[in-house]
Structure formats: C-alpha cells, structure tokens
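See structure below.
Labels run A, B, C, D and E following the written order; every chain starts at residue 1.
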C-alpha cells in the first residue's frame, strides 16, 4: 500500500466496522443460508425441511432444461459482451478521431448509460412488439417474420439487441477515456511508421487498449450474466414459456416464483462458483496486466 | 537524405493566437539544425508540421523537392524521435525497430539486416528481445534512435529527445547523437529548450521566440553576436549580464561606473549593455582598468563550481554575475573590468542588437568544420 | 491522418441515432393518447397530450391509500438513489481509508472479506437476503431499501484504487505538519477526493435509482414504492387481460430515466474522470 | 380500529376496483381498517406471500390464483380455512349459497372452503359479430363446428381462432369442459403422495394436434405466452373468435373496434360426456395463519362483507368477473343487467352448467411451475421445435417430477 | 535550531540488502549539509529516517539533544521540502502555509504574522489566495519552501527540491535557497543527485554510494581531493578524466605518453590516474611540455559551449576530455599537457585515493567564509 502508513491499534477497525457489519449481515449471512438451503428440500412455507445431500445439485445439473438455459446463458453472455464491446470500441475510436462535434457525440452516446434495465426492457419490448413494434415492421419489410415471445430465436435476438443497446454507452465511455489516456506520442510514432489506419489500430492502439478492454470484458460478462435481469424480466412479459432466459432469471423463477428454495439455492451456489472462477481469472490477469506507463 | 524547405510556415490553433508565424528555414542536405527557445515558443509545433502530425495553417514545407503539406506522415520519408521515446510498449526492442519497415513491406532479410546493423551501432544487441519497460532510460532512448535509423529516412526529426534523461546521461547521449548523425549523414531537425544541447549539437541553430525566428546562425556566431537581448539571455550559461547603460559620446555609464569606449558610437542615450560573465575579470584592488572599463561590484554570494566560481553581486542597483577561476581572490567589494571589445549593445526599447558591438563575431573555425578535418 | 472524417461522422451519427432514437421515440409516444398508440404503434412526432399525461402520471393518486403518485414514487427513487450513494460513499471511503492508510494485523483478511462481495450480486441471494431483512424487521423502511444494497465492495474498490494514486508525499507532508489520522482524512483526503466522490456519487445514484427487483420485494407499503416499482405495475397490465396505458407507461419510463440521464449528461466530465481514475 | 392487510395480484382497472371494495368495507364499519396492496402478478403475489410468511411478515389476506391453490391449501398451517374463520366469528356459512362452479375449487376434499372465492372467471369464447356475419357462419358450440366454419372465416379475411392462455383455456379447462380426468388421486384432491398428471391423455394430445394443424392451415394463430399479444389482434378486428377470460369483458368494451358477443368455450362433440362446466378461473382469498384473533375476526367480517349480494354485484359489474353467489347473480339479473350486456352473463352461465366428475377442480403442487413447463412446450409446438406427442411426454415427465418433489416437501 | 547527529544509522528493507549502512554524520547548528550520490544510493532513505517517515533499523538519530528514533515526525520539530512539493492541492497558498501551524494550535494572529513574513521573504504575497495548480513550477517550489519556513523548525530537510524545475529556474532557485538558509540560519539537510547543486549549496557535502558514506567534506576539499574514483567521477563537470596508468619510479606512463613526475611516488605499478578537463592545456605543437607531462590527443569531436570548448578525444585507447578556452586553436591530433600538481592517483583495484596526490587540496578561502565577510 503506502510507503508510510498510520499505525493505530483501534482506528482501522473502527473505520472498517460499518462496512464489515453491513457485509457480514447482508452478504455473508444470506450467502451462508443459501449454501445451507442447497442441501435441503424445503417446504415453501418453511414448515419443514429434509436434508437431501447433493440431490438438489444433481437435479439441477441433470436437467436438460437447466443445461439448455446454461447454454443459452453462455451464448447470450458471449454475444452481448462481444457486440457491446465491439460497438462501444468502434464508436469510441470514431469519437476520438473527430474533433468537430466531439462533445455533442460524446453527450449523445453516453446519455443512455443511466437508463435502468427494466426501462430498457420496456422500450425494447415495445420496439419488438408483435403488433406495433417498429422493428418488427422493418424486419417484415426485409422478409423476416419476427415473433418475439413465440420464436426462441427471435426473442433471443431481441433480448441481445436490447442488452447490447443498454451497455454500449458504458463501454464507449471507458474505451474513449482509455484511448485518450494513450500517450499521444506513441500514436504519432505509429502514424509515422504505418500508413494504414486500420493496421495501425490493430498493431498499436488495440494492444495498448488491452488493459481497458480486459477490464471491460469482465464487467460486461458480469453485466450480461446478472444485470440483464431487468431486461429479461420485462421482455419475457412474465411468461418465460419457451423464451430464452438466463441462469439468474432461472434462480429467480424457481426460487421466488416457484418456491423451490432448495433447488434455487443449489443454482445460486453453482452461479457463485462460476462467478468465483471468473473472478479468480480476472485477478490473475489483472496481476499480470501490463502497465504501459 | 534530402533538403527541407520551410517556407513562410504559420500555425494558428483554433483561429486564435498564432503558435508559429511565418517561419522560413532552408535546411541543407545532411545538415543538423537545432530549434531552440523557451517553453511554448512553438518549437514542437513547427517540428510536428514538418512531420505531418499537425496541419499547416499557411506556407509550405518541402522535403527533397516534394511539397508535403498534404502528404501523410508515413509517406514523408522522415523518422521522428520523441521526448518520451514513444516506444511501443507491447513490442520487443526488435519489433519496435522492425515495425516501420514491416509496414513498408521491406523484405524480411533486409529488415533483419538493418535491425542488426542498428543494434550494433547502438549496442542494443543484448536487449533485442526485451520489452521497453525492462530497459533503463538511456537504453530506451537508444531504441528510439534505432527506430529512426533503421528506416534510413530522408530526415530525422527530434523533439527534446534527451530531456527525460538525467544530467550525466544527457551529456553522453548528446555525444552519441552527434556522432551518429555525422556517420549516417541524415538531414536533421532537432528541438530542445536546452541552450547547451543546442550549442553543442547544431550545425546551425534557430532561436525561436513567440513563434517567430529570433536568429538563425552557426552556434558560435549566435553566441558571440546575439541578435537581440532575448538571444543574448537565452544562449550561454550563466546568462549574459544585461544592464541598463547610458551612452554619451564615447563614454558609457553603467550605474556608478563610467567606461571609456575609446571612440564614439552611432547610438546615444539609453542602451542595454550586455557582457558575458566569463569576459569579466577581477581587477587588482586600487589598480587601473587594463584595456577595458572597470566597475565596482558589491559581492552578494558566491557559487563554487570547482572549476570556476560564479560571483553574484551588484553594480549600482543592477545584478551582475562574474565567472572567475577558482583560485581568484575575492573580496566583499571588488572592481571588475571588461574588455571593451566584449561589450554588446542593444536597443533599450526593442532589444535588437545595435550595429556597433563587440568587434570579433567569431574567432576560430567552428566545430563542424574542424571535425571534418579531425576525422 | 485526416481523410476518413466523413466516414467517421457517419458512423458516429448512426451510433448516436441508434442509441438515442428509442429514447426519443419513448418520449414522443408518451405525448400521444393511449388508444392512438394502441392502434398506430410508436410515434416519432409529438402528440400534444404532454401536459395531461405527465400531470396524470405525476399526480394521479394510485393505490389504495392514494399516496402512490408518480411524484411520490419519484421522491422514493430519489431517497433510494441518494441514500444509497451517500451511504456507499461514507462506508466505502472509511473502509478504503483503513485499508490503504493503516498498517494493521488483519488488513489482508479485511481486504478479502470485503472484496469477495464483488462475487455475488443480490439477485443470486435474493431469497435468503429477504429472510434476513425481515428477520431484522427492515421490510418497509428506507433503511431496508438502502442498507442491504450497501453490502458490496464496488465503492471500496474504487476508493482504494484512487487512494493508492494519491501522491505519497501528501501524507508525509501532513504528518510532518502534525496531522493525525482524523485530521488527514478530513483536511486532506476528503477534499482531494472530490471528483472521485462526485463520480462515485453519480454511478451509485444511478445504480440505486435503477434498482428493480429489490424494492419490489422489500416494499409492501405503498408509501415506499419507487418508480421502478411503478413501471413494473404498469407492465403487469401488459401481461394481463387489459389494455395498457401505453402513454402513461412511457411517461413513467421517461420520468424514470430523466433524472439519472440528466445527471450523467450534465456531470459527464466528472463522471468520465472518476471512471478512469478508478479503472486502474 | 384493527388494521388488516390484503395482498393481491391485480393491476390497472381491476386493481382500482379492489381499492374501491376495500374503501366500501372501511366505510361500512369502524372496527376494522383494511389496506390492500398490489404485489404484482398472481404469481408474484403468491411468491411474496410465501416469502413473507417464512419470515412472519405475512398479510392477513392473500389473493391466490387457481394454479396456486394446491400450494397454499396443502401447506397445512399456512392458512386458516375461510369456512372455520367465518364460523368462529359467529357467522353462518352456507356452501350452497355459492354457485356450482365456484363451490369446490378452493375447498378441501370434504368440501370445506379453505379459500374464499373472490374474483372468479371462466374461459369463454368472444365472437367478432361482423366476421361471423361476413362469413355467414354461426358461433360454434363444439370444435367440430369450428372446424367446419374455419375455412369460411378464413376466406372472409379473418383469422378464425386465437386464444389468450393455452394452459388455463386449452389444458385445464379442456379437462373440465370435456369431463376428463386431469390427474390421479382424484385430480390431486385426495393426497399429494403419488399424484400424477395425465398430460398424455389421448384427447388432450388430439386437441393440440388439431390446434397445430389448424395453425398450419391458418385457422388458428398463436402469438406466444403473453396474454396481450394474443388479445390485440382480436381487438383490431383481425380475428373472428377469441378465447379469453370472462374478466376481459370490461377491457374489451373499451378497446374492441367492432361489435362483439360471447359464448361458451367449445368442447368436443365426439367425446362422450363432454360439455360440463368449466373450472373456476381467477383467484380466491386466503386468511393467513399466525395472526391475532381480533385481526382474524376482521378478516371474517370482510369475507362476510364480500359475499353480500350488493358487493358481489358491484364487483361483477365493475370488472366482468362473475358473481360467486346465486343471490348476487339473481340480483343482477333482476335488475336487467344481462339484458343490457348479455356478454356479462356468459361466464356465469358456463360455470353454472352441470358439473361432471372431473370438472370440480384440480389440486396440483408446484402447479405454477408445471404451467411454465407447459408454456415452454406449447411455444415449441407452435414454433415447430417439437411434436405434440413429444411435448406432452415432456410435460408429463417433468410435471410428475415436480409433483413428486412437492410431495416430499409437503410430507 | 539544533544540531543533528546521525549515529551508525542503517536501514534494511524487508530483511534484505541494506539501503543505508552505518552512516555517521554530525551536523552543526546552522550548518547546510548536502547528501549527494547517484540514484538509489540511499539519500532519500537517510533523510526520511531523520524526518521520521521511515523507521530506523539500527543506530540513533538525535535532533538537538533528544534521541528521536521513536518520535513522531510532527514532534521532531523539523520541516521538509519534497521533490514534487507535496502541496495540498485543495488549499490556497495561505492555507498551505498555515496548515502545520494550525495543527500545532499556534494562535491565529501569530499564524498570520508568520505567513505574512514568509510570503514577504519569498515574494508570494500576490499568490496567497491562489491554489497550487494556478502557480508556476518556481512559485510552487517557493510555497513548499514557505511551508517549511513558517514553522520555524530546528531543521530543514530537503529531498531534491529543485529537480522538477527547468535548468534556468533551477539555477536561480538554488541561489534563493542558499540565501534564505543563510538568513534564517536553520540547520539543513539537503538531498540531491546533481553535483553542481551540491557544490554550490553545501557547507559540507556527504557523498553517498551504495548506502555508505564515500566522503564528507567541504565542497572544494571534495572537488580538489576526491577520496575515491567514485567521488572523482561524480563531483565536477565534465567528469574528471580517469585513465589507467603505470608508475615506474618517478615516471608515469599513460598509453603512449610518458610523464616525469619529478620525484618518486610510494606506489608503483598500475594505478588509476585522474585529472580534470580544465587542468589540461593545449601545448604548442612541437613545443616542449612546460611544467607538466604532455600527452598526444587524437581529437574525436568538439563541443562548443561558447565560453569554452570541450574537446573529446583519445589518448592511446583511453577517452580523455579537455576543456579549452573558446579561442584556443584545434587540430585533429594535438598534444595536451597536464601540470604535475594536478594529477590524482587512485588505487587501481579499490579506487581509493593514494596518499601522493595533487599537492594543493585547497587554495583559497571557501565561499561560506568569504560570504560572511562579504555581507
């Protein structure tokens, strides 16, 4: 940490106490409860529970339905991450390149950042409404009979579309500030060394942006996994049916809506493990992350 | 290799105050030109216009016999060394050196040969596979130089390439750059705000002030005949003493001192008088001024540099610094003399050099000429 | 260097349209009448019912108690957003201060205890969290809405990164100037962190404002309903067997996005600065 | 006054009517103060109620929809049976005052009312009068008649048939209208142990095969599980026949762009004994256990208040849900309400049809999740991802797994 | 004001290599001590131990007559000036100056008086209500100084306070620091890696190398009698020429040159010979060596500094730099002479100074003494 630090027997604990208290009560306690419940089969009303060992886990992992949701989650996460990163980067690079109107573009492009996922979902839902959705009309014009809510593919498309839409500004902001933090002279050196802008981008600028891109990759994966809950909840209109959903939504469906505490707890724990692995990877990379200054 | 012609070049940022105004410089093939001036005087802007990194507001830049105003930087056939080196942090030294060549579709074996040659010249062999962050400042600087050399461009452009180095390294890298440029003979435009660097490196130096050229000339010419008080105070260390004087006939009054110039000068009345610290001598106390005027100096403080001592004091109410050899005796109040021939006169208002001035603009062959014979 | 400008602008304009058009459409649509939207779909031009619709949405006394007006929900959203942001900043600044500026036995442990919370979003542990909350009697209270959301380390993480970038010499100078831990914190660190605090405030405010699932679960008392809850309510109509008041839905959506969007847009420079400072 | 709370799953106009009912109750007496709270959808209201119960924060009254009945009724100790509560409060309770279709669904196997029927609906078929006139066909009573009329309707430029909720209208009420057993253990009423859903019933499979082939021929359109997506085209005069809820009536009156009427949900003439009444839809109110006696007394007062003919009539007319007592029905009838709005009577008449062995109700645990499975598989059927046969195999398998699991938790 | 005694102080980071080893320095009341040495030699570590910002691994530090090893920095009655100034960016200049006093509960009127006095001394008056970011580098430096002065501490500690300034400003601030310290008379410990700064500022300088003291002494003593090749090459610019020589009786062989020392020296065989660039003179071609030995110099390149020229060349295969006046004539190959008395000998292995060495360790009164009389 710092070269010089205070040393005091009590103060650091005092400063940490509020945060730790909140975390222990509202994070660790519930998390431990979740792990505990995952080994029990519980009556919805909490009248009794039976220890079932790993049954809940087996039930989940052997269910083809769960596996197909897992598969969709993976695809959804990969697609949302890829497109929101790519588009965010594209816009950031362009905004970085223009001088005139730079501020206006910036403002327009980040304005959507603050929109809540359910609001995004609501707007998306209207855009993809089977009867009045303008996007559906455009698609029909192109010969695509879009049936969001009925066709698995179309619904997935709409969800991904909205999730990407919502996330672009975030990536845009980070990429833009990442770009602007790059030493101007390195970019100029590249301008002298390489005529093709595209080649320059891939050989010099992008590698230098790698730390930002990596950071964003993690953020976007987390976003796609968890924060899209609101988007999905709104877009499936309360009826998952054969619409695609993600693992978190499934936890919610089974636990909250279906009152299957044990099963959903097991799913929570599985998610915890997935996120844990992701985080370990993240820390590993961050440790190894190149400091380009 | 090529000539560079900078013709009435100006740069105006955002329709505002001009950063560079109507600059004209003709750089001969193989010449080493140093742009020098205080911070913000437009040195980098000018250099970057030549490089193509900055648009030219008006005027033309010609490299060889091509007008390059609208040519992409990569197509100008120049190489540039940046102050912070601008090495590609994610590439090894070898890749850094080869990058520009690869983009130019130079054949592989040739790239390898040129990289090897540059590495040999700059003694970078052992570091070729390291990334820049594993190099010391001096080594990075050498890689930056190497990156310019491998390209074998028509011209080198340097923007304060040494200012991130510590004093000792700066001195030795200065020598290296000079030797290297002599060896490859590439036309060079070099920016620095360090007058010592400018003096030692330049074939000709260009002193910039507020976006305009204050003086162009060979280093010693500039040193010995600065065109203005600005140049006089900028070139040379310690800076030339500049004091207010009064000319009456053939007499020059500086505060309490009255100096006989021997002959009348065209200008009369108030002038700015300049003389260099090392041209002043301590007069024997009570002795008469030898071949120059004598001024009483109240010593304020002394800086011992080992090889010499700088005596800071006041003549009347004007600060004057005298450089004495380290074995000269000092007293609290001492007369100093100045050879008449070493006095410079400047217009009190405009600061421009007045025609009557130190008789001997330069006395010996300048360094570059000498060097030709020395090798 | 300057050749591709037109293409650049084209891409940017398309991007800006892509991102903002839906929002504009939402706004325009909200100014039409429900029946018109119902039959004609989304609108691109203003509809002339702006005042009525928004007045209704803001002041119509919904719910049983008549206390669920749009304005009330908006106020609750504000309380949640601001309460959360302020709480987050206070807690996490203190914790980050302890971690960065103090030498103590369990520093590493404390670090890990705090940072593992980055692992698991609330959605995943929503059921047990709810139980814990009601066990503590915090259902239907602003405390219950706000405090559990504080149980994550993002703010601490940002502040830790920021504190690490504060020049070491400042602490050293302050110590020589006789500043103890409290004085240093109040006199030097807090004022220095102003931009960072502003940026985190914005991020956290938006986060708090946008909370969806948690307030839905945590409030049964209409007095605590937030805008997101209101939107959920409207959405329900969509699902059921009645016609939705599209205009009101969009008006509410516009109201729900307006404050955070305005804050982000107005303070974008702080925001961007804060984001980058905390990135590394 | 004693405060009591009521969580429900209604929104929009229906939610407002609930508030009005509560206000009427509060105005009618001073001992009790009732506060209704909307908890989202039916599913969410149930889930919130359960979550709250686990931590002792439950409301006094919880509205639970048909599909959730088993969950709450099987949780012994979660609710005080409405009948007991009312009797304890010193009121008389007459099961026979309720109309036939309402009587059994929320009752235990002995017929004791556990839940208090509240907003009751029936799946009925709305008719686009213009369309039928144009095509020159009569409203079908059976699916056979529909099959005959469909080509003409299509020719007249209409989508012949759309529905709103396949689970409720074409699955559960397929069993009731055609008088077919839905699940073992007396449709689940007798025990949770070993209850099995009979989703592969050949008649049900046949129904969906028909639906699928009608869809392929353009006689039937399916817009996914969202209710509104399916209702919209009917409102827009694109559909000839729409199976919806009797409770949709109020809304349709505002939105439909053409005159419409309604009739019973069709059945298969080919199935022997078909044409019985339908299961009651909508939801009932449950008095949650663990509340002090004076609050329970207030709940009983409210239930009593609810069943009064005036309130029933008011609610019936304000929402389109059917009146649940005969007295209320007679009252509305006597006032000539059905002459003005004949559509409003269709639901209640359908519920009052003679009951069959299997049309009283069903009691299946984790049924909301089983509905989700059905919705998923139905979606697959109509998007061509699976065959009807496979879909019902899956529904039966996964449904039975859930039922077994429920048996374990309840056991 | 107080003395500072640093007694066998060592610092070992993480049980590893020592950063500072057994350093002993006694600083007299009012004395100005400069710690000088290359990067990483432990200067800052030592200073920070005195300040209390770093724990002391072993040894004691005494300020006045108090052992301060375990005293908090704030209670040591010292003030420190940091390289990057460490000004509180959110406070005005006035608040920056007052902060330390306020924490000490100095009465308000006194704070104001002291701030005003410091502002006057440092000419900060017009900037008192500005924030640091609205100040130039030199002004910031002055605020940092002011912050130290207002406290009226027993000792000033400086850690490279000038290295963030540009060359010109550095020279002038150097003068200011010196004058200020003279005026307030506060004991000072000053860290720099710039030998020129060390020479000009120090009453005594301490040359550190690898955490150990290489030499302590008055600047000119160190300059004229460096205790080791390390000091010899570190102090003085250009650096002292160090070449391999061979002693045979009274003869010294340096490459091709043979120099007669006049008398035999105690050491024989291989030695390192040192001589300063400015002590070398150009011999008239073909003329005889005057009072010293003559060496043939092959000129490599020349740096014109204006006031003098540095001639870089080779004697045999060893690099030698000669400082000549700027009017000396140059040739490609030229003999240079060295006065015998200005030769330094160092052990070829250890680099320690050998007893027989240049006769005159110092020749005149040193600057501080002079200054006392000069005022």
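Heads up, the rule we're going with is that a contact is a pair of C-beta atoms (placed from the backbone, for glycine too) under 8 Å apart; a residue touches a chain by one contact, two chains touch by 3 or more.
Small disclaimer: the values here were computed from a predicted structure and weren't measured.
Asks: By the touch criterion stated at the start, how many steps lie between chain B and chain D on the shortest route?
Replies: So the least number of steps between the two chains is 2.
Asks: Chains in contact with chain B and with chain C: which ones?
Replies: Joint contacts, listed by label: A, E.
Asks: Of all the other chains, whose mean CA position lies farthest from chain E?
Replies: D
Asks: If you tally contacting C-beta pairs, which pair wins, A-D or C-E?
Replies: Pair with more contacting C-beta pairs, A-D versus C-E: A-D.
Asks: Any idea how many Å lie between the Cα centroids of chain B and chain E?
Replies: That gives a centre separation of 27 Å.
Asks: If you average the CA atoms of chain C and of chain D, how many Å lie between those two points?
Replies: Spacing between the chain centres: roughly 39 Å.
Asks: Would you mind pulling out the distance in Å between where the CA atoms of chain D average out and where those of chain E do?
Replies: Going by mean C-alpha positions, chain D sits 94 Å from chain E.
Asks: I'd like the Å distance between the centres of chain A and chain B, where a centre is the mean of that chain's Cα atoms.
Replies: Inter-chain centre distance comes to 56 Å.
Asks: For chain E, what residues touch not just one other chain but two or more?
Replies: 53 - these are the residues of chain E that touch more than one other chain.
Asks: Among all residues of chain D, which ones touch two or more of the remaining chains?
Replies: Residue numbers touching two or more other chains: 41, 44, 51, 54, 226, 228, 236.
Asks: For chain C, what residues touch not just one other chain but two or more?
Replies: Within chain C, residues 1, 38, 127, 131, 133, 172, 175, 217, 232, 236, 238-239 contact more than one other chain.
Asks: Which residues of chain A touch chain D in their complex?
Replies: Contact set of chain A toward chain D: 41-50, 59, 65, 129-131, 147-152, 237-243, 253-254, 256-260, 263.
Asks: Which bits of chain D are touching chain A when the two form their complex?
Replies: The contact residues of chain D facing chain A are 41, 43-44, 47, 50-51, 53-54, 71, 75-78, 222-226, 228-229, 232-233, 236, 366, 368-369, 372, 375-380, 382-383, 385, 398, 405, 408-410.
Asks: Mind pulling up the chain B residues that touch chain A in the complex?
Replies: Within the complex, chain B contacts chain A at residues 48, 51-53, 72-76, 78-80, 82-90, 99-100, 103, 133, 147.
Asks: Which part of chain E faces chain B closely enough to touch in the complex?
Replies: Interface residues on chain E, with respect to chain B: 39, 166-168, 171, 174-175, 178-179, 182, 193-194, 196, 199-200, 219-220, 223-224, 235-239, 276-278, 299-310, 312, 323, 326-332, 363-367, 370-371, 373-375.
Asks: Sort out for me which residues of chain C touch chain A in the complex.
Replies: Those residues of chain C that touch chain A are 1, 4-5, 8-9, 11-12, 15-16, 18-20, 22-23, 25-26, 29, 37-38, 40-42, 90-92, 94-95, 97-104, 107, 110, 113-114, 117-121, 123-129, 131-133, 136, 147-148, 150-153, 156, 164, 168, 171-172, 175, 180-181, 184, 206, 209-210, 212-213, 217, 228, 231-232, 235-236, 238-239, 246, 249-250, 253, 256-257, 260-261, 263-265, 268, 271-273, 275-276, 279-280.
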